[in-house]
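To start, the structure itself, in structure tokens.
As written, the chains take the letters A, B, C, D, E and F, and residue 1 is the first residue of each chain.
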Amino acid sequence: MLPKLFFGYFAFAIIVLSLLVITRRNPVHSVMWMLLLFFQIASMYLFLNAEFIAAIQVIVYAGAILVLFLFVVLLLNLREELLTNRFISAWPVGLVFAGAIFAGAVSAVAAFVPNFSGQYTVDVINRETHTKALGQALYTDFLFPFEIASLILLIAIIGAIVLAKKRMRS
Amino acid sequence: MTGLFEAIVGPGSLDYIINLVIMLIIILLKIAAVVAVALLHVAYATYFERKVIGHMQLRLGPREVGPLGLFQPFADGVKLFFKEDIIPADADKPLFYLAPVIFFISALTSLSVLPFFDGFAVANINIGLLFLFAMSSLGAYGIVLSGWSSNSKYAFLGGLRSASQVISYEIAMGLSLVGVMMMAGSLNLSDIVRAQQHYPLGLFAVPQFLGFFVFVVAAFAETNRLPFDLPEAESELVAGYFTEYSGFRFALFFLGEYTGMLIMSAIASLCFLGGWGLPSFVTAGLPVVAAKVLGLFWFLAKVYAFMFFYYWVRATLPRYRYDQLMAIGWKLLIPLALANIVITGLVKIWIKGMV
Amino acid sequence: MNYYLLIPFLPLAAFLINILFGKSLLKENAHWVAILAVAGSWVISVATLIDVMGGKTLNQDLYTWVSSGGFKASVGFLIDPLTAVMLIVVTTCSTLIHIYSTGYMHGDNGYYRFFSYLSLFTFCMLMLVMANNFMQLYFGWEGVGLCSYFLIGYYFNKKSASDAGKKAFIVNRFGDFGFGIGIFVIFLTFGTIYYEPVFSQAGAFATKTVNFLGYDVHLMTLIALLLFCGSIGKSAQMPLHVWLPDAMEGPTPVSALIHAATMVTAGVFLVARCSPIFSLSETALMVVALTGAITSLFAATIGLVQNDLKRIIAYSTVSQLGYMFLACGVGAYTAGIFHLYTHAFFKALLFLCAGSVMHAMSGELDIQKMGGLKKHMPITYWTMLIASLSIAGVPGLAGFFSKDEILWMAYSGPSPVGKLVWLSGTLVAFLTAFYSFRLIFLTFHGKFRGTHEQEHHLHESPKSMTIPLMLLCVGAVASGWVGIPALIGENLGIHNYIAEFMKPVLGHPEGHGTHGEEMMVMLVSVAVGFAGIGLAYFMYMMRPDLPGKLATQFSGAYKVLFNKYYVDELYSAIIVRPTIWIARNILIGVTDARIIEAIVNGVPSAIGGFSRQLRKVQTGFLHHYALIMAAGVLIVMGLMLMRSW
Amino acid sequence: MEHSEPVIEKPFETKELTISMGPQHPATHGVLRLVLDLDGENVVKCTPYVGYLHRGVEKLGENRTYLAALPLSDRLDYISSMNNNVGYVNAVEKLFGIEAPERAKYIRTMVAEMGRLSSHIIWLGTHVIDIGATTPFLLAMTERERILDLFEMLCGARLTVSYPRVGGVRNDISQEFLDELYEFILEFPHRIDDYETLVTENRIWKDRTVGVGIISAKEAVNWGLTGGMLRGSGIDYDVRKYVPYDAYDKVDFMIPVGKDPGDCYDRYKVRVEEMRQANRIIKQCVENLPAGPVMADAPKFTLPPKDLVLRDMEHLIHQFVLITKGPSVAEGEVYVGTEVPKGELGFYFVSDGTGKPYRMRVRAPSYVHASVLPRLCKGGYVADVIANIGTIDIVLGECDR
Amino acid sequence: MVPLNWYLMLSAAVFSIGVFGFLTRRNIIIMFMSVELMLNAVNISLVAFSHYLQDLRGQVLVFFIVTVAAAEAAIGLAIIIALFRNKATAHVDDMNEMKG
Amino acid sequence: MTSGKILKTVFFVEILKGLALTFRTLFKHPVTRRYPKVKVPAKAGFRGLHALARNAEGRMKCVGCGLCGAYCPSKCIHIYTSEGDDHAKIVDRYEIDVLRCIFCGFCVEACPFGAITLSEHYEYSETSRGAFYMTREKLLENWDKYFAGPKGERYFKEFWLPQSNTYSSYEGQAMFRGRAKGKE
């Protein structure tokens, strides 16, 4: 009962916050709701025994990506845009599409029952600590993707600098 | 914390619920105790600072309110509470209200994972250090939002400066602690303290001197203290991001800043200076309770020593310029921290090879 | 683990310190860090050598770099006699050249940069020679290449320098391409890239063939030749030798360290290191020997007529490298390594002397504008003279022993081309003596031919430069005494220490010559050496007008030689220009103008009408695209759902 | 398809942020107002606005007798009023054609250098505190307090001293004063060492000042800079040395100079060294102080002795005439520049023969130095503006007059 | 015990909200945030899978998604800034230069 | 850069020196004067609040000549006189606007009779402007308050300037006499 109650709370909060994120007029407010949303998601990860992922969610998503968003929003200073329409005029079309995707997804997962048990049971993870287990997986089986990920980040850094660099007036 | 979740995820029964409630009450009491004690310490940290810096400058510091001026923090608190709360016109009010709260809460939350003595922490979680990073990265929101929502140029400049400073130095700080994590093999703060007891002097500060140096500098920058207090550089930006705040909201920033210092000192004490650990010949003959009390004493002594260092440096050094600050962060500290990681790794492999 | 590890990591630490703090803190003190580190490495190398002589070897992994599937690579170290000798060569030269550089580079803007590159180079070179697997070897290989690129282009403001750097880099790519494939083939064949299992299993694959490009190729030959590709590039053998003379654009200490004593010999080291593989393939050995012989002859002839001080020495280096390959090719790896070892001393010395001369001449390199420097710079003169005597093979000096060893091995060895390469080697010895002394006579004797201002400026170099010269000079004289051939040594009771020392790693080819033959070979080589010196004396001291006359008389040959057999022009003609020509004429003129444009103009006009209609789909509005994407997702989702139903 | 302009990559036109620094701002030393146009942290343009403290000193001077206008000069540069007084009386003495007795000259030199010390201490403290170091400020203030105590002992006022008089000084010094002063100057060099320990070699201080606010010697001359600003750029010019007044030709001191082009650090070094030299001058003045009168015997120009006024008719008449009409001066004009802590302070008088100046003009170094501020700040960072304000060492009382 | 389906449905709901936001908002920054929302929806389902299937691979994937999201945010926001320089607007319907 | 300098840079020598200095200062005696609690007496001859002197009989010394008002640089002294029965000048009002006063002490120098004085009193803050407009009565009261007894006599002996000895006699002038005794 209790777990379901908690899940209900998280599900409710996450959905409401998601809706708030996409409907606020002021992007700064959207960012703030998103911050809260990330916290809810991180807490939910804790319930799923993924503490490292929860920490990552807060540190990277809330602490880095969202700050980046906030910076850009502040930098562009879009105050005058607060007066115009939030949505495109054909927003019902979007609603239909989104609804269809939701319906499709729900119908796909409605009858889904997991029937596979891997080696990382809750006990194993608790014994080894989640971070260690994840680290071991990352640095052995997923070493190559890990390196690629670092490369992607490097490219992203360079790309961002090149794109946003101020061009000298020659 | 994992224990709690197990309890929740597992099958519920009445015993469970009762145990749960008792546990919750204990946790709440712990939280209350830690917050109350911490805030008291924060209050006296300001007093301590004013005294220390005063005497370093041939002054007396506060001494009029109460004996030796000991009630000065409360007098300040009362004054701030009753001051008029001014909100600038055109400020974004919700965010203006929210910003100091975020700043303060993010600092306060970090307290929950600090082990004050062996076996005592509000939450002894496995990712303690990561949790601290996560919380300190949230502080940036308070700063940016206060700067932006004030609708003031000085505040805005201060907010941007501070946010980029905090974000930049967070990297250096995180990397500086990686060496500690590697040596301790854990992110759990209690484990880190315990791991240190196998090292000479019971400190990581000795083998990790490079990391410690980077950490100290980054800690100063993270808490916006001299020589890195540019966000609130009085001579340039009046008061930086909280220029427009007054009264209670200002007090929240103020408290948040000092709590931040307290937490940085606590991290330094836990990760580099041996935390509650003390030479075993001292604890050996003592009963458990006394040893624990002594542990708390040691911990606090280390924290206060570090705090004293904060004040000491503030009394001595001038302030860096913005570009120099960034240059130090990115060009000196981060490479140094990376070098520290590499060296730590190599030495670790070396030692492994020798064994 | 033990202290051997400090050997590469001291220079690495020096590099890190210099690159991080050099600009801000150390500035003109940068050399201290580098010198201390390299000197430390040298001390440990000596200790290592002593250990190895005591029979100790080491093969250990330090750190697992990659462990993915069956592939495993690590940072690991192999210390055996070959490595020990290489360590001595690398650290000795490196230390002395570091010291020399403090004088040579004094006051340069990028002082700390120079020293950090030098340290990095030393680190990479040490990693190369100490590797216990091909991956790390390749790492060191590319690392030294990179440093070489940095250092050739050190004066990056100078276009010729940066061009030379690029040239070296690109030319090396050709070789490294083969080398890389070679390592892949090794991995495919043996399933590992560690020396020890590879070499021990090599025999089992001795007769295996693989299908390569439709031909059945002898597997070991394939591997050996692919590896040798790398050697050709790195050691500047025909036909990839073109980069080395150009590399002289770098600072002279760099030429001495990288392009004479250490990096370029990596190719020889590679062949020696992989001797178990090469020995299994007669074809490959023959290729090696012939390449070496041709290159040495070829470079020596070019060296005869060049006027640029450093280039002459550079061609001499190419020629001597050819010699080493020649030795390896006839199976005398020990002799090759021995020559590598002695060559490092006297060639580094030659370069440093050249640097000293440049220093005095304010950067002038044309030997036609020098002369009579002897009285101005006695130390440089005497050391350079000794180096030249050594390279010319005058008995008793280092060059004599190693060169003689090679020639004797070629003559007596089992190689089918042995006699041939012996002939060419002897000829090269003559040419070497000749051009070396041509250099000496033109530079140091006679009258000064430069400008008055230069003459006024002439001076001996500072102590920091001359002391390394003198130390190297000792090496150039004495380093050969560890390999005194049996012919002489037997009577004196001296062994051929180096041959014995190397035997466990490199083996020793059974010669089948008599003492008489050996004596003959030795006498011939000594005789041609003296003949070369004498001819040079005759042409440049007694009859200084003769060279000019000869040049006009045999102007065709002279021109060919002077223009280095037109190799650069040849490359330009057969590779660069045809490519451009094809691009310009065929691709643009025919393909593009006639064929493509016809299609391009015809089809588009047909399509144009259609696409003008179709284009309207592209509204430019992001939302439309997004909507279409969503629709696509929906369709895919629908299809999947339908399949599952 | 409609024709559209090809999209050319426009340079990113950032909106420049204009902030008004001052007149109420912690770092602008009074009521200086700077309007800064910022591009991020970079200063694109800096416009100083002055005049918030304008009191019309020059005009006031024209309505007072030469003798009575002296206290106005106190209030020009109110942290070194002694030096202003000395400048004023030197100019008036030249106009009157009288000369102060030897002892008075020594005393003036002595107290003027004390004024220089106190001014430089303020400059050092504020300059350093603006850059963030708080301790030197408070340590230095201790010493300034001692100087002010000495001033109080000397003439009964701490800040606006009005001590020198036309023709000498107000009163002779007391023995306690002299002894106290000597104690002070023996101790003071150690205090300078303390400040220097905290600042001079400090890497942060160097980072903040070296290469900031660079101005070449030639430019410095063209901008009309004087004092530490000029000497910081390597020009060896000091009024005390080149046009000596009072007892400056009888004491031995050096003029510290920086290098060309000079930056904030050079000016800092120059001024710190000036403090040491000032200390030296005071020491020499104390040791070589001659005996003798402290007022010139010039009854037409100086107030008569008080004890004689009521006894002697002639003196009483002088008293009345000098106070109500002012001294009678020949027509003419005079300019005298003196070296005050900020630079060259010049007084220019045009006399029409009456007891009041026809025109009184003050050449205020602070005004000149404030004008160079935009030149120094341009292209730097916001934080450099602070360093530059500190380094030009202006006092708005003098600047605005 | 909460069934896995619930998490997946929650994930689907958040994803659909993200899709809706992306399809209908005019402000490009909010559109970007919608993308982040969708990524987070996927993360939720991956972590849930990982937990229920007792396999860490799901979480490893989340780790990579976070990395890629960070890279994407950096590049995307840089593009937004570059766009803003030329158009001085953050509304996507004002950006139709790619129109055929 | 010499190696010594590098060492200094790496080990933060100059910063450590600064830290050592501040640490030493921590144990020095503070110089703060705890003003309202502990008052520092003004030095003799301090130019503080004005007072009008009384003569031996207790009458006001001022005769209303008006020199002080004429000399005053800030023009803050106002004297209103009238002719008395015996053609003597009667001072009706003698008023000083203390808020305008700059305490230069020129009025004291101008007064031929030693009537106007500046006392050593410096704590005269008030809450209204009116309190600073000193009338004759207030000024005389000041005299009683601050110059009662020998203090007043001493004032005229020492601080009533200039005096004839500033022109003529050099006996007992302050001269340099080495380090003062009793001060180590």
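Throughout what follows, a residue touches a chain if its C-beta (ideal position, glycine included) is under 8 Å from a C-beta of that chain, and two chains touch if they have at least 3 such contacts.
The structure presented is a predicted model; accordingly, all values stated were derived computationally and were not measured.
With contact taken as defined at the outset, chain C and chain E are each touched by A. Steps from chain A to chain E, minimised over paths through touching chains, total 1. Looking at the partners of chain C and chain F together, the chains they share are B.
With centres computed from Cα atoms alone, the innermost chain of the structure is B.
Looking at which of D-F and A-C shares more C-beta pairs in contact, the answer is the pair D-F.
As a whole-number value, the distance joining the C-alpha centres of chain D and chain E reads 65 Å. For the pair chain A and chain F, the distance between C-alpha centroids works out to 73 Å.
Work out the mean CA point of chain B and of chain D, and you get 46 Å between them.
In chain D, 9, 12, 135, 139, 142, 198, 202 are the positions where the chain touches two or more neighbouring chains simultaneously. Multi-chain contact residues of chain A (touching two or more other chains) are listed as 3, 49, 52, 64, 71, 88, 90, 93-94, 97-98, 101, 105, 122. Residue positions of chain E touching 2 or more other chains, listed in rising order: 1, 19, 23-24, 93, 97. If you check the complex, the residues on chain B that touch chain A are 1-2, 5-6, 8-9, 12, 92, 94-95, 98, 125-127, 130-131, 133-134, 137-138, 140-141, 144-145, 148, 160, 163, 167, 170, 186-188. Those residues of chain E that touch chain C in the shared complex are 19, 22-24, 28, 31, 92-93, 95-100.
If you check the complex, the residues on chain B that touch chain D are 53, 56-59, 153-154, 157, 161, 226-227, 229-230, 233-238, 314-324.
Contacts from chain F toward chain B in the complex involve residues 15, 18-19, 21-23, 25-32, 34. Contact residues of chain B toward chain F in the complex are 52, 54-60, 312-313, 315-317.
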